[in-house]
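Here chain A shows up in two complexes: once beside chain B, once beside chain C.
This part shows the complex of A and B:
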């Protein structure tokens, strides 16, 4: 404000008047909540590494869950790719019901889609092999391109817990 | 039973005392049975389970330890990891860690680490793997043509440079509309012109010619295919070149005001200079014409403008021509 006072005395007076009457009664709109977790009183909410780092750390402490060239500048099919990724995520979490312990990572290379995830060892290997084939077959039919599942299994749900808040 | 005993006791009065004591003993023992008999029986319509059955233990197959524990030190890594794949901790015998933690704490290990699975790895492109692949494709390679070793050599044989772009993208389609663009560039000094055709060619190509680098660049993207655009670019180049050698009848009407550059040959200054040189010359004698250096200095003076150097040079030339020392 000081530089304004020096420049134009009249403008400075107006600014002063403005600062007296500028009380905002509206709700603050800059609240950011998505991807952030509240601390519980008992400190027993389990967070994975992915959940423990809020979205603004993407590219610093954690990386993206979808890897493709559609998000580059002037690239083709950005919206279709995003919608397909959402569909793949929903389909995999539903097919591997209560077994997926992490985010589903979708990597696209040329026309191949590679899906990686952490799976709990709660079902027999035989069922797991069936589900892998089932998921790959159906997704490749819908996406019209080869789909590969690259899973890693964990013995217990608590293996993926990074910290408790 | 106690009623029967009482009756027995009444029949045998002599042994009353002994019997009494015996009865007490009996009655003490049999009391629960007596009460059972007298109580109402409960009608149970549902069979209530007396004991909770113990939950059956889920039998799990024993989980095999990670493969890395059984790997030989001198194994063939290209066979373990032949192609691009997400990271798997049980197959990579490296003590990797990734992730940000509080200061002093160790980073999360490779097991159940989603961050390691996210990042692209180059475990399939180790130096031995690349060497193997190069060996495999060596038989499809041909030797470099002789006589084209250096850039200067091959630029003499191939003056035209064609630039196209292919796009690798993670999409179900391999087509990219940007791939149709073709850029053809060449040095204008590689083409042969006379003064008229060069002037006309430059007028035809317009701003596709870069004066500083002497490079002509033609970009074509109006056809849908790369091949068509390439053909079109070469057609444009050929057509412009041949058209520049054609002199149309209306080109003769170009007057002095239309000239973009001062030419000594076409101008009054040449006639004046010849007039001065041939002053008082006899009829039939060979005409003297001004020297080439004089012509150059006049052209320079008018085309580049008057500056100290040009004026000085013009002065020298005039002195030389008129033999003024």
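This part shows the complex of A and C:
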């Protein structure tokens, strides 16, 4: 990724800093915080099934959002893959503005990237096909590999709400 | 995995025995014939995509799903011909937008991710008036087929006075002649190609060659003239129908003793019909050209065969065309030229003419090529299937032949040769029309279920044919299904179709005995109500369709039969109120059935409104009046109304 190149000097500086203070004594915060949603006073925060299950249910009640082999032993491009996934998520939610109503699942198989999501039926199918073609093509220019969208549509945003907290 | 599961199911002793016995077999076997050598087969060279093709060969077209270019989601599946086209084209237009972004913001797409680099993912090179160019860049552009950039670079090189080698000039000439100096449609836009052909055929027979353009300039610069330069200019002119000059150039080359190649002669033979007017003259010129070829010791190829047949197919004189074609075929067979599907296409249009005698040439063709797999060899190969099906339907009217053609189409990869969306729909149009005329309704519906709607959506004309088949075969139970298909395919604004559906439903009064027809009155009423609402809606939107008296009468009848008296009253009120706007009146039988129903529903005022309507519109009212008089015990008000409508004398009888 070309923006990674810009990050390289910055990352090198961080590495230096890390080597100086490598021991943490505080509790790991991310384990308790990430992927969990706080209950609102009015109990009106809508959660999808995916959001309703905290991370420790991954592999039991729900599944991963990114499917790839980059974190296996001796696997290639772990960090690039993670950042590319972030880019894909941002790109898809921005291109399908206010239409995506689920997490975006990214599956990598060989040289192909398959992107799945639930889309609200708020625009005509014709416009959706335009966006499908546009997203697939532009992401494949960016990632330089075939990209396929595998979308499902839902009639209403409320259709994906699992519970309110 | 599978094997181990199998083993677990067997009793243990059994496994041991079978393993040991087989082990004994293996140990003794080599000892017996140790002289035989193991032959390792030669390695078969595979291309990188062979395994993909092998995998693809295991799956066929799924009739129950839409084509895979569409998204598999109920909301995104196209349901009419217009939607199929729009969706596919929108997707491609999205691709184009992405490409535009890539070219416009090229600095963002300069990164190199793939190993090895994939050229198509990177932005293309931009050449401007002041870019530094060399001969090698021109060579590369020509090899990539980038016409516009190649011409630009050529002009730049000219301005700088760089010398360009003659062979490079020749290849540029070939590129320009091939495309007539017009940017062709990029190869990756397959949908545009698939849907484009419909509009193209109109401009077919007009000259489009650009006179005095770059091609001719390049040609004049090449000195001395080589056979290749002659060939490319002649072929370019012939392709874009600058016929006279192409032929003149050919003659010039002949005078200068320049040896041309077969394909150049083919291109001239193709345009013989533009050079000469009558069949005799054309045939004469054609034979002259062929003789010239044989003098120059040129070996004819498939292109020659097809262009000769194309020339023959333009003959108005049927006898001459047939004898010429029969003369040509064995000669080419002797030469070892094997015909392609395009050849058979020309044979079909030569032999099976609308006003000519009936010819069974297609039977022989199909016997010859049944079960064969074809590849594209000639541009006209894609015309065969649509034409063959057209011959089966309109010329011979033969169901079994049509099935054979269909079988051939689905052999191997032959479906690739179906052409484009237009030819595919012509093919299926003819196929379905033929089947619904010749097959029994139940058999036809099997094919219908297979093809509709994912592979083919019938046009209104074919729908009418299908309805006719339903009417003739008395398959009234299929009508509700067909109606729901019609609604989905957006055929509801065709008045003739609406009337046809109603007529079939009304004329075939369900008996109520057979189990298939038990629900029919209800379904018929539903169809009628649906149609009433659809037309009402269409009138509000100022569409072309409107109510007629007959249509409303049929709807009324169906509603009455379906037991929906309330809605029937509403429909009749509509008829009554808008008498001046609705052309025609409902049939008398419809009114009678309605009165009958109002007798059953004990609603005399409704019945009297009907009677009044009948009287006002000069219809035979005595039967209605009689029925009302007998059916109800009328009170004074109703009785006086009845009297005022049909007169005193009626009651005395």
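Note that in this section the second predicted complex is superposed on the first by the 134 of 165 C-alpha atoms of A that agree within 3 Å, B and C clash if a C-alpha of one lies under 4 Å from a C-alpha of the other, contacts with A are read in each partner's own complex, and residues count from 1 in each chain.
Simple rule for what comes next: a contact is a pair of C-beta atoms (placed from the backbone, for glycine too) under 8 Å apart; a residue touches a chain by one contact, two chains touch by 3 or more.
As the structure is a prediction and not an experimental result, all values here were calculated from the model.
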Chain B versus chain C as contact partner of A:62, first or second or both or neither: first
Touched partner set for A:160, first chain B, second chain C, both or neither: first
Touching partner for A:108 - first (chain B), second (chain C), both, neither: first
Which partner, chain B or chain C, touches more chain A residues: B
First, second, both or neither for A:125, with chain B first and chain C second: both
Touched partner set for A:70, first chain B, second chain C, both or neither: first
A:152 touches, of chain B and chain C: first, second, both or neither? both
Which of chain B and chain C A:143 touches, first, second, both or neither: both
Partner chain in contact with A:83 - chain B first, chain C second, else both or neither: neither
On chain A, the residue positions that both chain B and chain C contact, one per complex: 121, 125, 143-145, 152
Chain C residues touching chain A - in the complex, by the definition given at the top: 71, 73-76, 78, 83, 86-88, 90-95, 97-99, 101-102, 108-111, 113-114, 118, 121
List of chain A residues in touch with chain B within their complex: 48-50, 53, 57, 60-65, 67-70, 74-77, 81, 101-103, 105, 107-111, 114, 116, 118, 121, 124-125, 143-145, 150, 152, 154-155, 159-160, 162
Residues of chain B that touch chain A when the two form their complex: 60-61, 63, 84-86, 88-90, 99-100, 108, 111-115, 117-120, 168-174, 176, 178
Residue numbers on chain A that touch chain C, as the complex places them: 1-2, 121, 125-138, 140-145, 149, 151-153
